[in-house]
Structures are given as C-alpha cells and as structure tokens.
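Shared between the two complexes below is subunit A, which pairs with subunit B and subunit C, respectively.
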Partner chain A sequence: MSTAVVNVNRSLFRGLNLRQKTLLIIGFTSLLLLAIVVSSLFIDGESLSTDFGSKNLAPSLEHPFGTDWMGRDMLTRTLEGLGLSIVIGAFASLISAVLTIILGLLSSAGKTADSLVSWLVDLALSIPHLLLIILISIGLGGGAQGVIIGVALTHWTSLTRVVRAEIKQLKTQEYIHISRNLGKSKWWIATKHILPHLIPQILLGTILLFPHAILHEASVTFLGFGLSPHEPAIGIILSESMRYLSAGYWWLAFFPGLSLLIVVLAFDLIGENLGKLMDPKNAHE
Partner chain B sequence: MCLKGENISFGYKRNNLILNDVSISLDRGKVLGLIGDSGSGKSTLCKILAGYENNYQGKVSIDGKEVLTKGYNPVQLVFQHPEKAVNPKWKMKDILNEGSNVSQDILDSFGIKKSWLNRWPNELSGGELQRFALARALGSETRYLIADEITTMLDAITQAQIWNMVLDIVKERNIGVLVVSHEKNLIKKLCHDVVYFKDINSVRHY
Partner chain C sequence: MLDNAKIPGFIGKKILRLISLLLVVSFISFMLVQYSPIDPVRAYLGEMAVSAEHKEKLEEYWGVNTPPQEKFLNWAGSLLKGDFGVSLIYRVPVTDVIKERFTASLALMASSWLISGILGFVLGIAAGMHKGTLFDRAIKTYCYILTATPTFWLALILLMIFSVQLGWFPIGLSVPIGVTAENVTFFDRIEHLILPALTLSILGVAQIAMFTREKLIEVMSSDYVLFAKARGEKGLDLVLRHGIRNVALPAITLQFLSFSELFGGTVLVEQVFSYQGIGLATVAAGLKSDVPLLLGIVLISAVFVFVGNLIADIIYEFIDPRIKQQESTI
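Up next, the complex of A and B:
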C-alpha cells in the first residue's frame, strides 16, 4: 500500500517536499474524519425516521447510498454510524494509551513489577481477542458502555509490550548511565531522558489503535453482542443488511462497508505519515 | 588523595571470572596508562571504578572512603563511542550542560564552536562529539577522569589535539587520569606511569 501512496504523492503534489506532503496528507485525512464526526452530531432524528413511501430505493442523486426497507436514507445512517464508531474508537484508544503509560512506567520500577506487567500482558493475550471483548461487554451489561470498556480493556497489550521493551532498551544506554553518574535522580532521568523517546511511540500506537478499536467494535456489534439494535452503528447496519443481500439490495451493505474501510484506512494513513514525521532519523532533516 | 580499587573480582557468570583480584590506584594529578589486549576486561574495570557496575567483589574507595552512589560522582568515565554517550533527542547545549554549566574557558580550550551548540548530535562528527563528552565529564567536581579508549576511532591529528587539551585542563585542576588503550606509543607519550593489565589481572583469556 505504501508504494501506491508514494506514487500518488508524486503525481498529485509535485513541487512540494516530503515534509509538506506528509503534513498535507495528515491534514486532509484528519479533516475527513473530523467532518464525519461533526456531521454525525448534527443529524436530527427526523432524517432517520421511517418513510415507507420510499423504501428499498437504489442509489440515486436524492439518496446517494440508497434507502433501506423502512425508507431510511442510508447515507445519513452510515454517517451516524461512523461518527459513533469513531467516538468509541477514540475513547477506547485513549483509555488504552493511559493504561499503557501506567503499566509501562510500572514495569520500569523494579523486577517484581516488571514480571507482574508481563504476566498481565501474557494473560490478556492468551484469551482470543474478540472473545475477551464479548465477555467484558456482556459482563458490564452490554450497550455502548460495555463495548467501549470492552474494547478499551483489550487493546493495551501490544502497545504496553512495545513501551516496556523500549524502556528496557533505553535503560542500558550509555547516556543514561552517564546521567546517573552526573548526579541526576531517577525521576529526572525518567522525565528528561526516557520520556522524549516514548512520546512518539505512544502517540503513534494510540492512533494506530483507532482502526483496531473501530473494527472490533463493528464486528462485536455485527455479531449482536454490542450496541442495541436501535442505535445506527456500522456493525448493526451491516448485520441487518445481510438479510436483504439475497433480495438484491446490494447497496445496503456495500456503501456502509466501503465507508468503514475508508475511515480505517484514513486512520492508518495518518498513523503512517505521523510516523514518518516523528522518526528520529527523518525528524531533523 | 587517591582513587583505589582493591582486590576487585568480577564475572558476568559466577564460575567465569573476567577480573580476579585486581588492585589499582590512581593519584590526583597523575596520568596513569593502562595497557591490555582487547577483551581482557579493561573496560569492565573502568566501569567498576566509575560506579557503573555494582555486582563486584572488592572495594573501590577515594581517600579511604567508599564512593557514594547518589549525587555527582567525582570519578567520571568517558567512553570510546561518543555517539552512544549522547541522547539523540537532545540538542548539544543541553547535553553539554547536563552535569553543570560548562565554562566558556573549557569550550574555548576544547575548540567547541558556538554554532555547534544548537545542533543535534547526528549533525556532528565523532571527534566533535567526543569534545562535548569530555567537556561534560570535566565538571568542577570531577577529581578523576577515566578515559576508556577515548581517541581510538580518531585520526592522529585530532587525537593529539584532544589529548593536549585534556592534559592542560587536568594539570590545571589537579585531576587524576586513567588512560586506557592498547596503543603503547600513545600511552608512552601521555603518561607518567604505565600499568600492564596482564600484570594485575590473574585471569587469562585465550
């Protein structure tokens, strides 16, 4: 995918340097995602109301994504669902990032704490991911709250591993030893030497958690364990449309699915390009 | 007034010692050379003397007193690879002043230019970085300097420049220097006294 992106860059924004291009891509994709969230907030209930006069319409200019079996406009439902998904993804990855920071710092505190953290990571990884999300969200009574907490509590593992390994590696660096020999305290070293190395990792990890969280939220909802059916989540739209696919109403699944894919790829693109900006080798160029 | 390591034994594994019963002493104002083969444990001894390594047997003391692990260590170690001794995310001026504010005199005598201070470590060469590492290590509270192959990767002219500057400062401030190298000619030129590592360490590496 990355080579394709590079090719597009070359033809689309000739004359800009790499830094400007990456910034442009980040800005554009962020704007797209923000627009989805904002527009989903301004959708009133009326446009989602049923209108049996215009049910099962194929995509047209008036209804770009078509309408469903109750005459609801699919574009509106898709936007609403994506907005909800992005908000849930944001909550989940923020909570995951906070957990990661806490556990990462804990792991650097001592040997016992470190084994405790690795044990927790191993424990969380030993249960199939989707199963764990379903268990937690059912245990918390389901609904939006259950899904958010379920998704949040299961995505910190990989990032925690990365942060823990990074801290371990940093602590063996010569400049850390020198700093100690120059009379600096542990806290001073942690905040001045180690933290600047961790911030890009954590920021990038958090953004790359987004697509994971969104897809997991959608799949749990699709399976029927997540949000309640009246909420226009992407997973619910997709699972409902499955019943109508065989009747030839392809647009019910196609456009929401495509939009979900675009949103996920947009997050991936942001993460990838931010990574380029923050890579220490490229950052100072 | 001397830094003493007495009966130091060390091994990364219990039954595989690298240092066995090594004793060494370094007086203030003296420049002592330490010559040994690659992999014989010179750097390990340096790390122990400078307090980088804790799991050793024996005693390291300054004027008979044990070296405190907290606060500024009067024994400063400078490494062979200066690019590893600086945090790549820091600007040079922050690196330089990490221990204490380095005076303009030292900057001048090491030939550190003002324009270097606003650069990142990857924008300076090894010789330039090593000057920073030395200036940082030669803070006002430094009493002993351990130079672990600090000029091995530099060309002869830069080597000579750097050592001249170090020797001037060391003489002026009465600092004891341990020069570690396997280049005998360099050591003969610099040092008042020479110790052969194989004479003080009974472990043989084949």
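Up next, the complex of A and C:
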C-alpha cells in the first residue's frame, strides 16, 4: 500500500509515462474546449452591448482582443463565436457518425447494398466539398439549419470508407464464418459481431470529424451562405473584418482566426491522443 | 509497361462513369436549387425597393412561375446541345463566364498546385531522411498547424502583412482597376496572382509533406534499403536511388486526388483577394440565385475533380503496376 503511494509520487516527480501524458493532454484540451462552450453560454447580452466611446480600440489589458467598430469587446464576441462553432461541429459530427453507422451496416448486408454505398461515397466526393456544402445550404434555405445539415451530409464519406474497409476485413474472420454456418442471421452477425469492433473506430472518427466540420462551417459562413450576420460566428467576424483591413485594424481578424485555429488544433490533439490510447500497437511505448 | 489490350475497356468505363456522374449530379443539384426556399428575385434585389410591375418582370426573367419539371427538361435539353443558358447576373452566356473565370482560376490553381507539390515533396523527403531530429519535428509541427489553419484567415493575414502594412502587393482584384482588358500587362496579372497563390501553396504543403515523410520512412526501413546499406550506399545517394523513386509516384497520385480541396481553397482565397476567378463567380451565383451559372459551375467543377481522379487512376493502372499488385493482394 505505502509502496504504491511512493511509486505514484516518484513517477509524478520523475515525469509521466506516455499513457499518463496522453491522458493529461486529453484532459487538458477537453477542459479548454469545455470552458469555451460554457463561457459562451454564460455571456449575457450586456457585455456585448455597443459602446461607441470605445470603438476600434487596439488590444489592451482591458480588451485583450481589441474592440470592433461598434465598441464591442472582441474577446467576448470570439468566445461566443467559438462556442457556436463547437456546438455546430458537434451536431454535424454526430449526424455524420449516425449516417456512417447506417451506411456501414448497410454495406455489410450484401453485394448490391455494398456497391450502392460505395457509389454514394463516390457521388458525394465528385463535387468539390465546399461547393457541395454551399449547394445543400442553398437547398435548405441557408441559415444555421442549412449549414449544419450541409456540413453533416458531406463529412461521412471518409469515415464510411474506413468502416467499410474494416467490415470487409472482419467478414473474412473465422468466427464470423462459424457464426454464419451456425445459422445466425445477417442482422445478428452485423450487430453482435461487427458493430462492437466498429464502435471505437467510429468514436475516434467522429472526434476527428470535428475539426473539418468546424473549419467548413466557418468557411461557408465566411462566404455568406451560412449563419446570418446577426449571429456571433467566427466566419461572420472575419468577413466583417475585411472591411476594416485597409484601415489597419489587424486585431479584428487576427485573434478570432487564431482562436479558431487553436480550437481546431485542440480537437486534432484529442483525436490523435485517443487514437494512441486505443491502438494496441502503441501500448508498449 | 503499357498493357494495350486494357486501354479501350478503361476508356469506355471511364466515359460511361463520367456521363452517369454528370447526369446524377446535374439532377440533384438542380433539385436542390429548385426547391430552395430562398426567393431568387428577393435574393437578387437584396434591399432594393422595386415596383410590383418591375418585380413581375424580374420573376418572369428568373422563371419563377415555370413548373420545375419543365424547367429541368428545358435546361437539360439545351445542355445536351452544349448550351448552358445565360447567366442571370452577368447577362452573358454561362459558357463565356466560366471560360473567362476558369482560365483566371486555373492560373492560380496550377501555380499553387505545382509549388505546394514540389515544396511539400522536398520537405517530406527532408523530414523523413532525418526522422526523429529537431528538423523533422519542426516540419511535423508546421504541417500539423497548417491543417488546422482556416484558409481564409491565412489569406487575410497575408493580405494585412504584404498589402496593407508593407504595401508590396495590390489589395484586391486580379487586374488593376480602370485599365481596359487589352492594356493589362502580363506583369499586372502576375502581381495580382502572387498573394493568392502563396496562400494556397503554404496550405497545400501540409498533406503532401506528411504523406511523403511517412512513405519515405516506410521505404527506408524495407529490406532492399537494408541490403543497399550493406553494399555501402548511404546518405543522400541512398535516398535518391532507392527512396525517391518509390515515393514519387504515390505522392504525385495524391496530389492529383487533391483537386477537390484545391477548388474549395480557391473559392475562399478569391473571396479574400477579390481575385476575379471561378470562386468569386460561384459565390456571386450562389448568393444571387443565378441558377444557370451555379449549375454550370457545379458541372465544370465535377469534371475538374473527375479529371484529377482520372489521372490518378491512370497512374495506378498503367504507370505503376506495383500499386495494382498491392491492391489485389489486400
């Protein structure tokens, strides 16, 4: 008992092993993202009120990100925009994950279904990604709903490919042959034998979809197809900042974009490290 | 070795595939735009106030009251004759708009595609050769950050540094304002091209560099490289003889598969630099409900992506027989 405590203390002082480091990175970045979402929820309208007495201020201690042309604090606006981005990213990734599961299971059902799935993947990849999101967004009348569905309906392709390949490989396994010979139904095999293997893959894939979804949402909003100008989105902030660039108000674009970059990087980090934890090949490192 | 017997089948399959693809894409995108709840006339007018009479005329011009089936058949019918219709906002045939804009964008895309490809390959080789060193880690971190960078933000930053602060480059447009088309010099075009191309090149490096690095490390740990080492080959010579030859084809293939992202990046970059290319036309057509132009661009971009994939396929099928073999064993 006491030796265990000593051991833990020692390892804390001597530096952590890879597993602990990985967990620490995951914990820290998740906390950061959670803090952004929570703080964006608690921002009330007051701190975003216009104050023409302090408009277009360069970054200072009072306004770390500066203020915009209506005197609004850019840090507050950025936080709110990031919160919105993360929430939209979450929606889009979840819908994509559900689509992937459905299509993945469908592709395991038979040869025709499988070629249908691969045809759908090819079709979705045949138009430039951004253009496809724009088209879907227009089709749904734009706005938050248009962007979320647009982003969600276009991000399942890569994950579906991975899942499909995994299923193909699983189906050659002996225990599945045995199961089939024992007379189990296709549905039984799909849910009892194949799905459990796929869940970690899909979880990880969903997290790794986040960064793409967030970046695409911001891009489409930046172009003017996404969220309306009244929403505090990063894409809106940046497209507004373009009007003030030649006036030299660099902070309007610099900090919001940098924060978006950090959020995207944080999701990438979480995904990579979770992948490391889940991959048995790296377990000995 | 080219397998001549395979070629006709390959071409036939690809042509069938392109035709069926274009049919489905045109149908789906037409339906998406057609059933959009956005009122095209309202979107075109924006805040402008017009009389009811004028609005009616516009509605007729936009074809609001024509039934969708009839519209699709009309559009598809003339499409088969090579007629894409007339752009509603530019009031010239869609083919003319696309030809002009796509050429401008092609200069942008081709230059950044080449630069990012070469630079990414060289960086990837350099990083893979020095695996585990500080240099390798620096390149890895750089690529990692690049993949998380919003394209339009990097464009804004470059615009602020080089155009606004330093004043080296013009702030917008692909040609100077107030100069007629004949008087735009080659140098003018280049000057307006540099920043957008630079943005796309910087971002495009990441994927290809990471891929090349991984591949090179894989190749360098193979048996034949070990054998070459045993024969006394080492350093750059070893990489040039055994590494690059094996890495180059997959890397080139990957670069051809990136046409879709390249197009998306171009749209964003053109928006920031107001570079008069296909990207700006896409945004304008989308925002102002210029259906013929938007659909024309969708089809052209689908062909563009298809060509990229086709070239990658050709490399797969005909130039590198090894990839084919690998595939069949998996």
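The rule we apply is simple: the second predicted complex is superposed on the first by the 249 of 285 C-alpha atoms of A that agree within 3 Å, B and C clash if a C-alpha of one lies under 4 Å from a C-alpha of the other, contacts with A are read in each partner's own complex, and residues count from 1 in each chain.
As a working rule, contacts are C-beta pairs under 8 Å (C-beta built on N, C-alpha and C of every residue); 3 or more make two chains touch, one makes a residue touch a chain.
Bear in mind that the values here come from a model prediction, so they are computed numbers and not experimental data.
When both complexes are overlaid on chain A, the residue A:251 reaches neither subunit B nor subunit C.
Of the two partner chains placed around the shared chain by superposition, subunit C is the only one that A:224 touches, whereas subunit B remains out of contact.
In the superposed model, A:134 makes contact with subunit C only, not with subunit B. Measured by the number of subunit A residues touched, the leading partner among subunit B and subunit C is C.
Contact with subunit C, but none with subunit B, is seen for A:265 once the two complexes are overlaid on the shared chain. If you check the complex, the residues on subunit C that touch subunit A are 21, 24-25, 29, 31-33, 35-38, 144-145, 147-153, 156-157, 159-160, 164-165, 171, 259-261, 263-264, 267-268, 271-272, 282-283, 286-287, 294, 297-298, 301-302, 304-306. If you check the complex, the residues on subunit A that touch subunit B are 173-175, 177-179, 181-184, 193, 196-197, 280-281, 284. Only residues 50-52, 70-73, 75-77, 79, 81, 84-90, 98-99, 120, 122-123, 136-137, 139 of subunit B touch subunit A when the two sit together in their complex. Across the complex, subunit C is touched by residues 122-123, 125-131, 134-136, 138-142, 211, 215, 218-219, 222-225, 238, 241-242, 245-246, 248, 250, 253-254, 257-258, 260-261, 264-265, 268 of subunit A.
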